[in-house]
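For reference, chains read A, B, C, D and E in written order, and residue numbers begin at 1 within each chain.
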Amino acid sequence: MDSALIPEGAKRCSMPKFYFGIAIVGGVVLWGVIAMLLIWWKGLNQTNMNDYYGFALWIWADLAVIAVGGGAFFTGLLKYIFKVDELKNIINFAVIIGVICYSSALLILAIDIGQPLRGWFIFWHANVHSMLTEVAFCLSCYFAVLVIEFIPNVLENRQANKVPFFHHLAHNMHGVMAVFAATGAFLSFFHQGSLGGVAGVMFGRPFAVREGLLIWPWTFFLFTWSAAAFGPCFTLLVTKITEIITGKKLVSDKTVHLLAKISGWMITTYIIAKIIDTIYWANVTVPSLGFELSHFYTNNSFYGYWILIAEILVCGVLPGLILIMKSTRENPTLRLVALILGVIGVCLNRWVMVLQIMAVPVMSFDTWALYIPSWQEVATTVLPVAYGIIFIALAYRYLPVFPQENELNYPVEPAAEAE
Amino acid sequence: MKQENNKAHKFGMVIDLDKCTGCGSCMVSCMSENNVPFKEDESNKKDSITWMRVYKLTNGKSFPDTEIVYMPRPCQHCGGKGDHGHSPCVSVCPATATDYGYDTGIVSQIYTRCFGCRYCMGACPYHARYFNWWDPEWPEGMENYLSPNVQPRMRGVVEKCSFCYHRYQLAREKAYFEERDDIEENEYQTACTTACPAGAIVFGDLNNPEHQVTQIVKPDPHPDPKNHDVVGKSRNPKVFRLLERLGTNPKVYYLSEREWVRKAGDNYRDGEWDKIKNHHGATESTHG
Amino acid sequence: MSELENKTENGSTESAGECASGETKDDKGLGLGVIFFIVAFVVCFLSGTLLFPKLLYSKKEQPFNFDHELHVSEAGDCDACHSYRDDGTFTGIPKLATCLDCHTDEPLGETEDEAIFAEEYVANEKEVPWLVYSRQPDCVFFSHAAHTIKAGNDCKTCHGPIAESTSSRPYEENRLTGYSRDIWGKNIFGIKKHSWDRMKMDDCAECHKKETGHQGYCFQCHK
Amino acid sequence: MKVDRRSFLGLGIGAVAGIAVSPVGLKLMDDSSILTQTTKLWPWALDHDPLDGEIIYENSVCSLCPGACGISVRKIDDRPIKIEGLADYPVNDGGACLHGIAGLQYLYDPARIKTPLKKNGDKFEEISWEDAIALVAGKLGDVRKSGATEKLACITDKDQGSVSGLFQRLLAAFGSPNFYTMPSLESYLEITAAAIHGEGKTIAFDLENSDFVLSFGAGVIEGWGSPVACFKANATRKERHAKLYQIEPRLSNTAANADKWIPVKPGTEADLALGLCAAILKGNMFDSMATSRITGGFNKLAAMLAKDYSAAKTAQITGVKEADIMKLAKAFAKAKMPVAVFGKGRGDGAQSLKEMAAVQTLNILVGNINKKGGVFVQNKTEYLEFPEVTKDSVAEAGTSKARLGRYVDQLIEKINASSNPAVEALLVYNANPCYSLRDTKRVKQAMAKVPFVVSFSSFLDETAMEADIILPSHTFIERLEDVPSMAGLSKTVVGLTKPVISPIFDTKDPGDAVIMIAKALDEAVAGNFEWESYEECLEAVTAGIWDSLSEDGYAVISEGVPTGSQAVNIGFLAGSPETIQAQGDFDLTLIPIDNMRLVSGAAAASPFAVKTLADTVLKGKDIVVEMNPLTAKGLKDCSKATLTTPMGSAKVLINLNEGIMPGVIGMVEGLGHTFDNKYVSNKGVNVNDLIGPVLESGSGLDAAFGIKAKITKA
Amino acid sequence: MLPFCFEWAWDIGHAIFFGGFWYAISILGAGMTYVILKSAYDTMNDSGESHH
């Protein structure tokens, strides 16, 4: 049995049960891995991408996971730089989610390129004017930061901590974590932004292009902002899910309410900015290029105004309001609704900024291009999710992720826990 | 920057859409000149590599007032906003696999450098860039007709029209050999130009007033007062460029007597066309 | 090379000395550790320096020996055989026809190489499958006219003193990349003593920057 | 001494340090980084890096279509890599069509026949040339012995040129009158000329000078006549301020490019032409000088026109507005150098003599015969000087027998009709009747009924499949041949196709094959084939122009406006022949479309050509048919449907197209091949499977402009 | 990426971009080195007491 590895005082389900659960999810991972290998072996013809859809499901998944992974850097920023000490109760988990999201993003990128063995070109032969270069650099650096932030948590594992060096290492790393967190925040600001820039700088694509500040289009700032706003939503959502699955209270309401409140205000301010941006784009940018707004939302079988409304009002304004108002925020059900809407909202935004851009015709005689991903694309996109679940399960089982777990659940019956 | 021959070229073409018959010679000439592969089913035009593609445009009127025009579309070799060489695709390539030749105005694509991120394809509104979704295959023996002047492409990289740059390389080499400083207009012509049976394509140096293309296009060197991103607008009322208003500044111009065709070259809001259709270049600009 | 050999000798003797003295002085094994260290170091370093290149490059012999020096004295400068065509392209290694301007299926000299040439190739009108030391990858466009006639370089700048060679050295091909060793670095450490020691893109760029003030756009040298 | 942990530590660290300071790491990293950039990652590239060499240009002539354009083949050393139009060549002056440019793909076509083949059961087996020739000679010998020498028939693409000449000579010496050519614009021009101006004449249109071209469905920029020459003539239209009016039911590329498109009900072109004649006569806009020269039928015709072709009636028949007819007649008659052009589509499909004669009559009325920018009527080009054929009694008897049919269609009918073989042996050269004749089923049936079919094809096409023995020919890139440009050009040029690469397979020049067969036959026949080789024969029979052929690569036979007036007799029209009706009683009409990017003749389109097809012509393996939204009846764009005609039915996709007349369905010609070339074959359907022949009484031509059809959701 | 790369240019773009990049890298590198060394040092110290 693995009880020796399980954090002191914590109750975990039996090992067979646990690994049975892992195995199930592992099946999904396997499916994804097979698809991945297939793509590496046979090439991108395994996907349903085409010359109109150079960017498709994968790039969306990439942007989405990084956006929701933004909770890590933002929480880290608050905790270590702005010294919001309350957040220490959730920072570990935020970091873990971050690690999962960013590793997934890197993996997806490795699958997405036509000549994976040449992936290193983006670093070595970097074209500094390309937003994608900025993404690649900051992404990989920040991933390093996340790993660094995650290490102490790993070292606090009961067995690992017995090794004196590891013990000291964990301790010392906590000591200088602020420095790392600061660097991380700096890097995050840029790669979250440059992901927005990727779309914003495409001046050949009226649906994507935005004016901006210096070399950075408005989408640059909007992406950073939205990541900071909706990232914590995702952190809280995953925490909630974990709590449901484990049947335990893992983070105190105080912490949750605080983070929710911060997220709420971030969302509200973001969505105001987003609305202004949209209005400016629709009334100044687009007309100057000879387009009516309707061009982007009509004459096709999928993309209608609904997507604009869903993204901004339903999944933006609404969660924002719910989370800034104390009464609604502290109502668990409404809060959950807000969190879900928020996460959907940011994913929707990323979808629009990747796939709708590709779908919209630009030449007057061109036509809308719609696309349905192949099973290989879907499998490789689901892969990170499954892998994330396993990651969290293992972390939760063997690492002291939630400082408050014991006090909140004391005294506890050995409640049934799944993976 | 100092070049072997100091005056920089700006190669471009003008295509007479009234002469174009949509026969497809330019497409095939391009494919056989540039070792473009072919596969069993090429009817999905979204994964069919045709550096030169001929679009079919209709005026949208119903029988019997329908009209058709064919529009050949090579890579537009954009100069980017203000014609500073920051083409939509060049500026986004993360690995510098495509660059803007300031000595020729031609946008390159280096297949051994490209790692297939396809950002350039997303950035190009003309769909002039193509991705090698498959490894190319030729029926047994057919690879014997491949040209050594253009490198065959491997799976997973982007390719596009190069204005038959290898022809420029060879022409220059000949000039060097004959100890001439520069090449003649007819020494460097693209494969589509020479193939066109209707003579609808005229290719040359837009910086050289002697060249036919310049005389037809009469490019305006000054930025368009109505949109400062636009440079080199034609002063010929019958000549236009594709999506000129985006400020991509293509080097491919189109010529047509038919107004609806010229209108189809760009996007205009309701009623906008009639206001600006007579605006050709700064020097002739009639509207403020 | 010879220096290296000396080094190894010194190295081994030192280590031997260490070994001898070490035994008496120290039995905790610290000395032994040092000895092991030095021995391992020297062995690995030498194998990495001397053995590794042999593994990395495959050697191919030319069809038969070619005496450049002799031909230069008999036929004249490089361009006597390595000439330009009327369209300015460079012939590179001459075709059999060019050789036949002087040679016949009657051997000119009594060297066995001459005999091979006459019997196997001239007699059967078969082209000689020479291995090209300076063959560039298929993504490269290189104009000899631009570099010699226009820029006035001599052949030696890039090809080295091959005109003075009396016999053809084996062609070495990099097992990984499949490129000739002449292009991708004669010196295993990548040290470049002469302009002709290496002809990678960076070497081109370096010279272009110096001579034209600009390292050139992609299409200047790529196709 | 004891070897403890420290020693191993030392060993390890030493090893690592040693490797570290050695070049291994750096060099390996560098090389593997280079490896990722090389095409070596792409196994194909290892042995297919295109070799460089000397660039050589060789001039030749393309013989893929009757256009006969001059081509310049670019070679690297002895490897052809590109075909381009030949500058200053009198036909195409530098331009080239996509099929010629893609010519090298024919050379390496997967469907090439690599060696002589013999049918064994339903399989082909390889045999040597010797055996093949012996076999053919044997069979022909039997036929000759039997005395029924007329039972040897031959189908080729044309009756001009020395290779065709050799086939004709073989038949003559053998004793058979049954030499047939596939329908082609050239043959239609001769038939029309024969009907109006007398036998042995042909017609040409001076498109490059005319200032008003009135085209009755002729796809002037879609492969009609000599395609590139027509492209060029059309391209200069604007500078010359010349007009092109296009009359046809569909907005073809020609119609789109024309100054005016006049939609007309399918199959009523003849009526419109006659209507215009009537209007011109009525309005007294005709050239009395010219009409005075008409030797027969003028008054009768005039009367008939006045009676049956009033503007009102014509409008009713053709669907063209009365006013437009009057305007058009005026415009045409008043033009300085008007010319009316016939030959629907590419001009090699079904045509009705009534229509062609009616159009020619228009030309006669405005008096543009043998005038600049008009119609040139002159004697058929004859530049070959074959020695007189010496026939033995058998041959004499045979050749004096009546032909089995007037044209190839009747031949097919006769074969199918007769119980015992009407044809014992059939030679097919440069023709694919099993694909390009209407109702291909009956053609295949006929082929099956012929005991011994010899194909000279380069490709294993539909007809070669039906053959008992195949003597594969060189492609035009590998062979020597004289190629006369025909097809309605105002000048006649004979070009010389030269081999630019030595044959890549065990094939022969068809001329040589014929000579070998003849030599293997009895003396009476062999005696007529004294030449050692086809090359020698060619030089002998073209002696008159050989010098310019071999030096310039071409010889101009006739050029400019012919002198002397021509006999004119429009009796045929005056007899008011009936207008052809489309077969069947469905309410839509299916018409074939000639698309420049496809070919319908002997060769199929190249992979490159097929690649250029729009997805509104071919989608996946499905052919796309055009129909007007008004006739769609619930069928949506891109929806699957079943197209049914009296001949059969086919799965198709719908393309709703405003550019086609309501009630008409357009299906492209040139798809639906069935031979072994996955890039070209088994795509779409062959429109000739769906349309059956309708023979025009009087002329005996297959004049089916289309067929009645219905279309239903599938 | 490095000054001797073909693409490298001594311009403002590279200065800012790679300035930021190398700055971040060095902080992370320095930070980690410091932490590891310090931990090693600490370990040494108390390992002195802890072992015999």
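General observations
By definition in this document, a residue touches a chain if its C-beta (ideal position, glycine included) is under 8 Å from a C-beta of that chain, and two chains touch if they have at least 3 such contacts.
Just so you know, these numbers come straight off a predicted model, no measurement behind them.
Counted as hops between touching chains, the shortest connection from subunit D to subunit E is 2.
Shared contact partners of subunit B and subunit C, listed by label: D. Central chain assignment: B. Criterion: smallest distance from chain C-alpha mean to the mean of all protein C-alpha atoms. Chain centre most remote from that of subunit C: D (centre = mean of CA atoms). Put simply, the chain farthest from subunit A by mean CA position is D. Chain centres here are Cα means. That of subunit A falls 62 Å from that of subunit D. The distance from the centre of subunit A to the centre of subunit E, with each centre set as the mean of the Cα atoms, comes to 27 Å.
Centroids built from CA atoms put subunit B at 40 Å from subunit A.
One simple way to say how far apart two chains are is to compare their mean CA positions; for subunit C and subunit D this gives 57 Å.
Residue positions 44, 96, 112-113, 135, 148, 151-152, 154-155, 170 of subunit B each touch two or more of the other chains. In subunit A, the residues touching two or more other chains are 115, 118, 124-127, 129, 133. Multi-chain contact residues of subunit E, defined as those touching 2 or more other chains: 6-7. By the definition given earlier, chain contacts exist for A-B, A-D, A-E, B-C, B-D, C-D, C-E. Taken in their complex, subunit B has these residues touching subunit C: 1-4, 98-104, 106, 108, 110-113, 148-152, 162, 165-166, 169-170, 172-179.
By the touch rule above, subunit D contacts subunit B in their complex via residues 37-39, 41-42, 44-45, 48, 50-53, 55, 76, 79-85, 92, 94-98, 101-102, 104-105, 107-110, 221-222, 227-228, 231-232, 234-235, 238, 251, 253, 256-257, 261, 263, 504, 596-597, 606-616, 618-621, 628-630, 658-662, 678-679.
For subunit A in complex with subunit D, the touching residues are 115, 117-118, 120, 124. On the side of subunit C, the complex with subunit E involves touching residues 201-202, 205, 215.
On subunit C, the positions that touch subunit D within their shared complex are 23, 27-30, 32-49, 52, 56, 85, 87, 89, 91, 137-139, 174, 176-179, 184-185, 188-190.
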